[in-house]
Every structure is written in C-alpha cells, then in structure tokens.
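Down below are the structures I want you to see.
Paired with subunit B in one complex and with subunit C in the other, subunit A is shared by the two complexes that follow.
Right after this comes the complex of A and B.
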C-alpha cells in the first residue's frame, strides 16, 4: 500500500497546480460551514457567559440591548443616563450591592470605564503589575490595552475628545496608569478603568484650576465682590491631575445628580434578585434587565441568520463536491492508458484500483488539515471579530 | 518453454480471430515474430502474458497453464516472471527515471521497494547508459533513452520470459541496435526466453528463429 501512496503522492506533486485548486476547493467546503458553526457557538458561549455573570442591570428607560451592550461589552452608543443618586437608593434597599458604571469616553479606541473598586471584585479581576486606583486621575488598564498602547504603571493615557470642533465639548484629560490587570480573556482586557469621579471630570462636571486667591493668579481675576471672585479667560484650567493640583479639583452641584450609564446591582441572594426586579419592573423612568435574556434574544437572531448561511453553504458544498467528483472521473478516463500499462505489467488489481482512491484520500487529508488550521485561526481571530460585529 | 496448443481467440464484435494449431518456443530461445500489421502479433503477446484469455486451447509458459489461472495469479505471473517492453515505452510522466524503473515493485502484490531493489535499478540504469539521468523525467529524455528506461523496468525483477512488442519501432538505427543488444544480451546471460514482435527485417538475423505470423495464424474467416 505504501507503494500506491507514493505513486499517488508523486502524481499530485507533478500536477501541483491542479492539486492545489482541488485542495483549496475541498478545504473551503469543509471549513466554511464548520468554521462558521464553531465561531458562532464559541462567540455565543463567550457572550452568554459574561451575561450570565451579570444577573441584573439598571439603567434609564430605552433600548435594553443598548444598555446591555454598553455596560457588559463596553460597545454600542451610550444609553440614556441615570442619576448617581439611584446608587444610594439601591444600597439603602439592603437587597443588592450596587456598582456604578459610566461608559461613555474613549482613549485611543479603548473604552474608559468609570466605576469603583467593587467592580474588580465582582469580575474577579486581578492586578498583574502596579496597584489599584485610589485617587482622581488614576487609571488601571486591561492587559490588551497595556499591550496595544505599550503602557504600564507610570505611563499616561489621554482621553479622546468627543468632537474636535466643539469648543464647549469634552476636553482631553491626561490620566496616570497605576496598574495593569492580568488577562481575563473578556472585554475587561480592552478597557481603561478609572474612578467614577474621574469619568465625570473628563465630562467637565468637575474641574481644577488656579487658586484665584493666590497672588500669582492676579492676572486671571476679572472682579472681586467680597468673598466672591470672578475669573477671566486667562484662568488656567488643568488638563491633568497631579499630586500638586489634585486639591484644586472640585465638583459644582450635587454629586447625586451626576450621570451614570448603568448600575450593576449584585443581589445578596435569589430572593433579593426577585424583589429588586419587581421593584423596578414598572418604574416610569428606569428599567431593570436580566442581561442573559437580552443576549438570548440577540443571539437568536444571529443563529437564525447562521442557519440560512449554513443552508447556502451546504448547497455550494454539494455543487463543489460534484465538480471535484467530475474532475476525478475525467482524470480516471484520461488515465485509462496509464492504468492499462500497470495492468499489463502485472500490477495488482487492488493496487491499481486504489491508486486514485489514495489520491482522493491525500487531497482530503490535506484539505482536512488546512481546514483544521483555518478553523483554529478563525477561533482565535474570528471569535473576537464576530463578537465585535454583534455588539457594535 | 512456451507451448501453445489448439488456440482460438476472437475479439467480440470483430471478424478477426487468432487460430494457432501449435507453437513451441524453447527455453532461452530468442524468437522474432513478423507479419503484416493487424495480423494478431500483439494479440499473441497478450495471450502469452495472460492479459487476454483464449476462447479455446491452452497457453503454457514453463510450468504455468497461463490460460487457466485466475486474474490475481496471472498478474502475479506477469510481474514476477515476465518482462514487457512496448513500442511506445509507456513510462509514467510523473515519475522520475528511477521511479519508473522501480514501478513493478510499487504495484505488484506483496512486493516493495528496498535498498537491494534500488541498487539493482541503479545497476540496470548504468548498464543501459542512463545512470546520470535517474532523477530526470520521461519528458526530458530522448526516444532512445526512454526505451532504455522501459527495458530497465522490464528487467528489474529478472524475468525468465521477455515479451517485446516492436521495441525498436520508434528508434533511430543506433538506438535500435543498442536496445536489441540489451535484450539479447540479457536473454543469453540469464537463459531467458525472448519473444519480440518486429517489422524490421534487418534485425531478424540476430534471432535464433523467425516466426512468420501469416503462416502461423490459420484463421480462414467465418465458417
């Protein structure tokens, strides 16, 4: 049999162009449906796992899908905001431990997630380098952010302006990286975490500037009215928070009315979850959602599309298989003289009969190996790609 | 020894038939078979090789009743005891010269290529003057070189009977002589029987005996 395999191998090598086309065609027939199936399944599993680990989400009324995608996957647009005061109300209920989320801004394409330290415990995120954020203007970055932006503890990241031409808009804030998270193989790897107040400073709700009472700031004083000092346009506003100027940062107004995009209420037990669900079920301004149910709806749509694509691929596969079969049958006909020579020399009927089968087997083996390699690569690269497509 | 007795062979759907009352070829005899085209010379070689089976009569080669063997045994007989040389060489274009010579070992039942076989293939190639072309492919060789590869392939398993179907038909005079010398030389040194179909009258004197096929075939048409 090894002799026949050798002959088959030599034949395929001699006709390498034809062989390459055959292998490619069969590879695609195997890979496309299998690869798609695996990628969709893997992506669905990854996405539902994150949704499963977040039992509830509270946000303003609007699209539940937008709320889930923004809060869990840090993608899609910002949902309508809710007041920070809701956080205290939830905490006062004694049913849940609420975690604030403000996901609106970006830095070099990576989402900036305003939250508190409870988020890291909730997601089981651990530091691989540096320390946790403790003050204003400090950031902890996910592992992929650290790798892609080549930043670590001691480096800085700058928030991206929302609009270059909007003078009243959000100005860039330079934030100091104090820690890098260990890989979690989730969306958290791609995020920059800051304290919720830092996120509000990026938005301009809090700010720091020169102390107008000090003599060196005299040029920035427009007028003095007793205790009240009015600044002019020469007032220097800080665009980074340092130990020297951190005391000057302050918020005007009540923090309770500052915005959040969502609250992650972590119920103390199943009963608490049911109670909190019931409490917000018919709230006129807020909605409470179970992320798993929302994701199931989204993935049902993805699976429906996938079914149609699979049917189309199977039909194309059948057509390609028929063409490949035709190629082999025509080849068999063209090689009748060669088979006849082997037969007259005394070649065994089994050896001659299995020669083309060996060629088919080698083509199938090469195609299967190539398809497996492509599938592996797709699982590594395609999963995140599909997830990005689904969540955008 | 080859012995044909009361042989009758007909192609289905054709008026042609081969009828041989008796033909005996001794061991180690070199026989040339001559006759007009279409007279059945190649058919006779195929009957001797067991490629075709007679409708009547017997074909015996050595101790083997070739005409009564089943298919696998006839194939085994061909590959182990026969060396076949064809007018059109019938080499495989996708195999190197060395692999073409070794082909019988790759397709024969129970045979395999080993070190000794490779050494023998190289020796044969050296003997026929193509030792430096072992890694080339048939398309890169001249007609004479291709027939020398085919002769090496036929002699690889040291057959006791060589059947050559117009082996010099496509060759120039110098290659004709060379190829015939190789076949005759092998037959004499290995006491092998050589049956060669040829149209070339100049070569006939080199054989021990000449069989005229127009006299041998006694078929008189449909009776």
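Right after this comes the complex of A and C.
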C-alpha cells in the first residue's frame, strides 16, 4: 500500500504544475462558501451584538437605518438633528438614562463622537493610557485611532472641514488627546471621543474670542452703537482651547436648542423601555427605534437575495467539481499507455486503480488541508478586517 | 460602494449572536460620595444624609465658589462622584466647561426656572454668521431666598433617596427638620423685610437679588470689594446714588476695611455684614451663619 502511495506522490510531484492547479481549484471550491459564510456570520454577529446592546435610539424622523448606522457604527451620513433639550425631557421622565450623541465631524478620516462620560460606562470602555477628558477641546481616542494616527496623550488631532469649498465656514479645531482607550474590538476603537460641547464648538455654535470691550481688541471693533459692538474680520477667534483662553469660550443662546444626531436612552428596566417606546411612537417630529429590530428588518429584506447568492455558489462549486472530474478523466485517458506498461510489468488492475484513486485522494486531502488553513486564518483575521472595511 | 458592501455582508449573514448588554450601574464600593459646587448644598446634603454618605465640597476656604476653577485632578474626582449637586442658574460656570457624567448631575434649582432672575447683560456684540449676542447671566445666589432654598433641599432629598433607597424614610424625616429650620429663618426675614419697608438699602455687590425679591427690600447694588478701598470715582458714584436713594444701611459680603467703614459712617451709612454663605464659614454652619446675618440686620 505504501508503494502505491509513494508512486502517487511521485506522480503528483512530477506533474507539479497540473497538481497545483487542481489543488487550488478544489481548495477554492471548498473554502469560498465556507470561509465567506463564516466571515459574514461573525461580522453580522458582531454588528447585531452592538445593536442588541443598544436597546433604543431616539432621533429625528427620517431613515431608521441611517440613524442606527450613524449612531452605532459611526458610518452613513448624519441623520436629521434633534434638540439637546430632548435629553433633559428624557431624563425627567425617570424611565431612562439618556446619552447624547453627535456624530457629524471627522478628523483624518476618523469619526468624532460628541457625547458625555456616561457613554464610556455604558459601552464598558476603559482607558489604557492617559486620563478621561476633563475640559473643552480635550479628546479621548480609540485604540485603532491611536495606532493609525500615531497619537497618544499630549498629542493633538484637528477636525476636518466639512467641505474644502466652505472658505467662510468654521475653522478646524485643534483638540488635545488626553487618553487612549483600550481595544474594545468594536467601532469605538476607530472613533475620537469629545465632550458634546466640544462638538458644538467644532460646528461654530460655541467659540472663544477676544473680549471686545477691552482696549487690546480695539482693532477688531467695526462699530460701537451704545451697548452693541460689531466686530470686523480682524477679531481673533481661537481655534484651539487652552487653559489661558478656555474662559472665553461661550455658547450663544440656550444649549437646549443645540443639535444632536441621536440620543441613546438606556431604560432602567423592561417596563420603562415599553413606556418610553409608547411615548415616542406617534411623535410628529421624533422617532424612537430598537436598533436590533432595524437590523433584523434589513436582514429579512435581503434574505431572499442571500439565497440566490448561496445557489450561485453551489452552482459554481458543481461546475468546478465537474471540471476537476473532467481533468482526472482526461488524465486517465492520457495515461493509458502508462497503465498498459504497469500491467505488463505485473501490476494488477486493483493496484493500478488504487494508484489512480490515491492520486485523487492526495489532491483532495491537500485541498482540504489548505482550505481548513485558510478558513482558520479567516476566522482569526477576516472578521475584524471585514468589519473595519464595513465600518470605515 | 461602502453601503453596498454593508448590504452584501448583511445579505450573507445567516444568523446573529446575542451580545451581552453592558450595565450602566456602578459597582458599589461602600459609602456613596456626593460632590457639591457650593457650601449651602453641601450643608443640605450633610443634614439629609448624616453619615450615610461622604459629602465633599472641595473649594478652598478663601475663594468664592461661584468663580472658582477646580484643577484637573479635582474635576476628575467630581467625575468619580456618585452624585454632583449643582446650584443651577449658571452658578459655578466651570461646570459648563468640563465633562461630567450626565447621570450624576442634579440641578437643584431645575424645578423653578421661571423664578430665576437675570442680571443686566454685558455689551452685546456681533461677528460672523452668529448674529448679535451678549454674555448676560442669571443671578445665582438663589439660596438667599429661603423659599427657594427649601425647594433646593427638596431636590437634594429626591436625589439622595434615589441614591440610597434604603435611607428614604430617614432622609424624609431629616428633610422635614431641615425645612422647618429654613422656614423659621424665612419667617424672620419676612418680618424683617416688612419692618424695613421701603427704607433704601445699599449692597456692596450684586449678589442679593433673591434676598431683595423675596423679602421686598429696596436696595441698590454697587461693585465694591470688602478687601479693597474704593477709588474716588466709586465714592462719587455712591454720592450720586445717595441723592435719589438715601440709604442708611449697606449690606456687605464680609467685613469691609476699617477706613472704608469710617468713611461710610461719616456718610451716615451703617455697614452690616450679610454673608451669602457661598463658602464654608470659619466657624458654625449655614444655619448659624444665616441666623447671625439676620441678627446683624435686625439690630
């Protein structure tokens, strides 16, 4: 038996190019549906787990999917904004602990998430270096941001202008990184967290500037009309918040009318969740969604297409299998003279058949091993990689 | 393209895995810690909670907590507190410039926004697309209206009971005692207000707005500091006020310098220290400090 295996092994080695193509084809037939299914399942599981851990989302009326993708995965466009004042209304209800979210701006391609400290507790995010944000203009970055931008406590990140053509828009804000989060293996690793008030300053709703009533700001005064002072373009507005100028930063109007992209209400219990859902169900301007249901709805909508994809994969597999079978049959035909020689040398029909089968078995075994290795590697690396692609 | 990829991934998803829901409940580590932004709130919390919680008011004794700016380490300790009692009405403006967990913040004057008073705004100005605006503020020494102080103590009580449900009955009992104490002082001030009637008063600083409204006093505020000698412009400003507002009593946040007191005496103006009690008194507590304020004004 070992002689048959040895002869089969030598044959495959001699025809290494043909063998390599066969192994590769069979490997792909095995690996592609299995590996892809595994990656997709793991990614989907991670994504739905995040939706599961976020029981409710409150936003302005619009696309629920956009609200969920923006608020939980920091992707998609900004949903219509709602007023910060809604946060206090939710808190006053005594049913939930609301967490504000303002996900609109970016820095070097990473989302800037305006929120408050409750978010970190809610997501179980821990600092690996530095400290928690304290003042305006301070930021805590996710582990992937720290790695990709090579920033740590003491470094700075700058918000990106929303449009390069918006020359009259808000200046980019330089924010000091004070802490780096430990890897959470979620979208939070890719985000830059700032206080909600810092996010409003990025938008220009709050700013710091020279005191126009002081003599050193005289050059910036266009005109004085009683108690009213009009500044000209020379007025120095700060694009960085430091201990020296932080006192000058202020917001115009009531914070309650400042924007949020969403509120993450954390219900105190199941009954509170039902009550708060009912309260906002028919609200004319706001929508409250259960992220898991939104994701499930999306999955349900596309399950039919998923079946087509699986059928296509099976058909491709059958076609590849047929080609492999054809290759083996043609190979047998081409080797008829070789088999006649073996027969004349005293080889029985069983021995010759065993040799052929051994060659096929070795190719299949090698393919199976390679496919298993690829699947293992996919399990380890594929999920995070694909998730990074999906959420960026 | 990215949306397509998201949809493709979701398309192919066969099943999901139930994720763990992170809890927002803090793990209890013994006695809860309550931080406050001024002394009256610290006193109220201490009265209500006795030794069942650690009440911390970290401002140094020699500063006005309304304008104090805590350092980073102190703010980090505020972040760790189980409860942070705010006075509201824009008091301690540093709160608006730092990050604190929303779930721990209690605005003790949140129940009466319509009763808050505004102080004259600074000059309005405009620049850029934001339009005209000014940095006007609310008067924040709310607790000098002891009726509002009672409401603040109620807010502290509600937050304390939520924090320590097992102590709810005891807190309710202590609240009744605290409110009785505040009511007694409130009635004394009411009587004093009736006694003073329309007699003109002066205030060394604009911090007595709520005292004036509640007890119907007829006062006008200056911007004099107890540890500074007013310049001649300020004295002549005072002379001008006295023409139309012949006050004979001036309320001070603290004892003025002797030379200031002598000159006021010459003008026939009696100085009365009425401490707003924003910070911890050198001796006694809020109740004894307010009682002393009332006694000095009664004399």
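Operating definition for what follows: the second predicted complex is superposed on the first by the 343 of 392 C-alpha atoms of A that agree within 3 Å, B and C clash if a C-alpha of one lies under 4 Å from a C-alpha of the other, contacts with A are read in each partner's own complex, and residues count from 1 in each chain.
We adopt the following convention: contacts are C-beta pairs under 8 Å (C-beta built on N, C-alpha and C of every residue); 3 or more make two chains touch, one makes a residue touch a chain.
Computed from a prediction, not measured in an experiment: that's the story for all the values here.
J.: One more residue to check, A:132. First (subunit B), second (subunit C), both or neither?
T.: A:132 sits against subunit C, while subunit B stays out of touch.
J.: Give one of first, second, both or neither to describe whether A:342 is in contact with subunit B, with subunit C, with both, or with none.
T.: The answer is first: A:342 touches subunit B but not subunit C.
J.: Name the contact category of A:4: first (subunit B only), second (subunit C only), both, or neither.
T.: Only subunit B; A:4 stays clear of subunit C.
J.: When both complexes are superposed, which of subunit B and subunit C contacts more residues belonging to subunit A?
T.: Subunit A has more residues touched by C than by the other partner.
J.: Can A:116 be said to touch subunit B (first), subunit C (second), both, or neither?
T.: A:116 contacts subunit C only, not subunit B.
J.: Determine, under the contact definition given at the top, whether A:352 touches first (subunit B), second (subunit C), both, or neither.
T.: In the superposed model, A:352 contacts subunit B only, not subunit C.
J.: Report for A:256: first if it touches subunit B alone, second if subunit C alone, otherwise both or neither.
T.: Neither: A:256 stays clear of subunit B and subunit C.
J.: Kindly classify A:48 by the partners it touches after superposition: subunit B alone (first), subunit C alone (second), both, or neither?
T.: In the superposition, A:48 touches subunit C alone.
J.: Along subunit A, where are the residues that touch subunit C in the complex?
T.: 36-37, 40-41, 43-45, 47-50, 52-53, 55, 69, 75-76, 87, 91, 97-100, 116-118, 121-124, 131-136, 138, 168, 195, 197, 204, 207, 209, 212-213, 227-232, 235, 237, 246-247, 249-253, 266, 295, 298-299, 302-303, 305-306, 309, 386, 389-390, 392
J.: So in the complex, the part of subunit B that touches subunit A is made up of which residues?
T.: 46, 49, 51, 71-72, 75-80, 82, 84, 86, 90, 92-95, 99, 103-109, 111-113, 153
J.: How about subunit A: which of its residues touch subunit B in the complex?
T.: 2-4, 6-7, 10-11, 13-15, 337-338, 341-352
J.: Looking at the complex, which residues from subunit C come into contact with subunit A?
T.: 2-3, 5-7, 9-22, 24, 26, 69, 72, 75-76, 79, 96-103, 122-135
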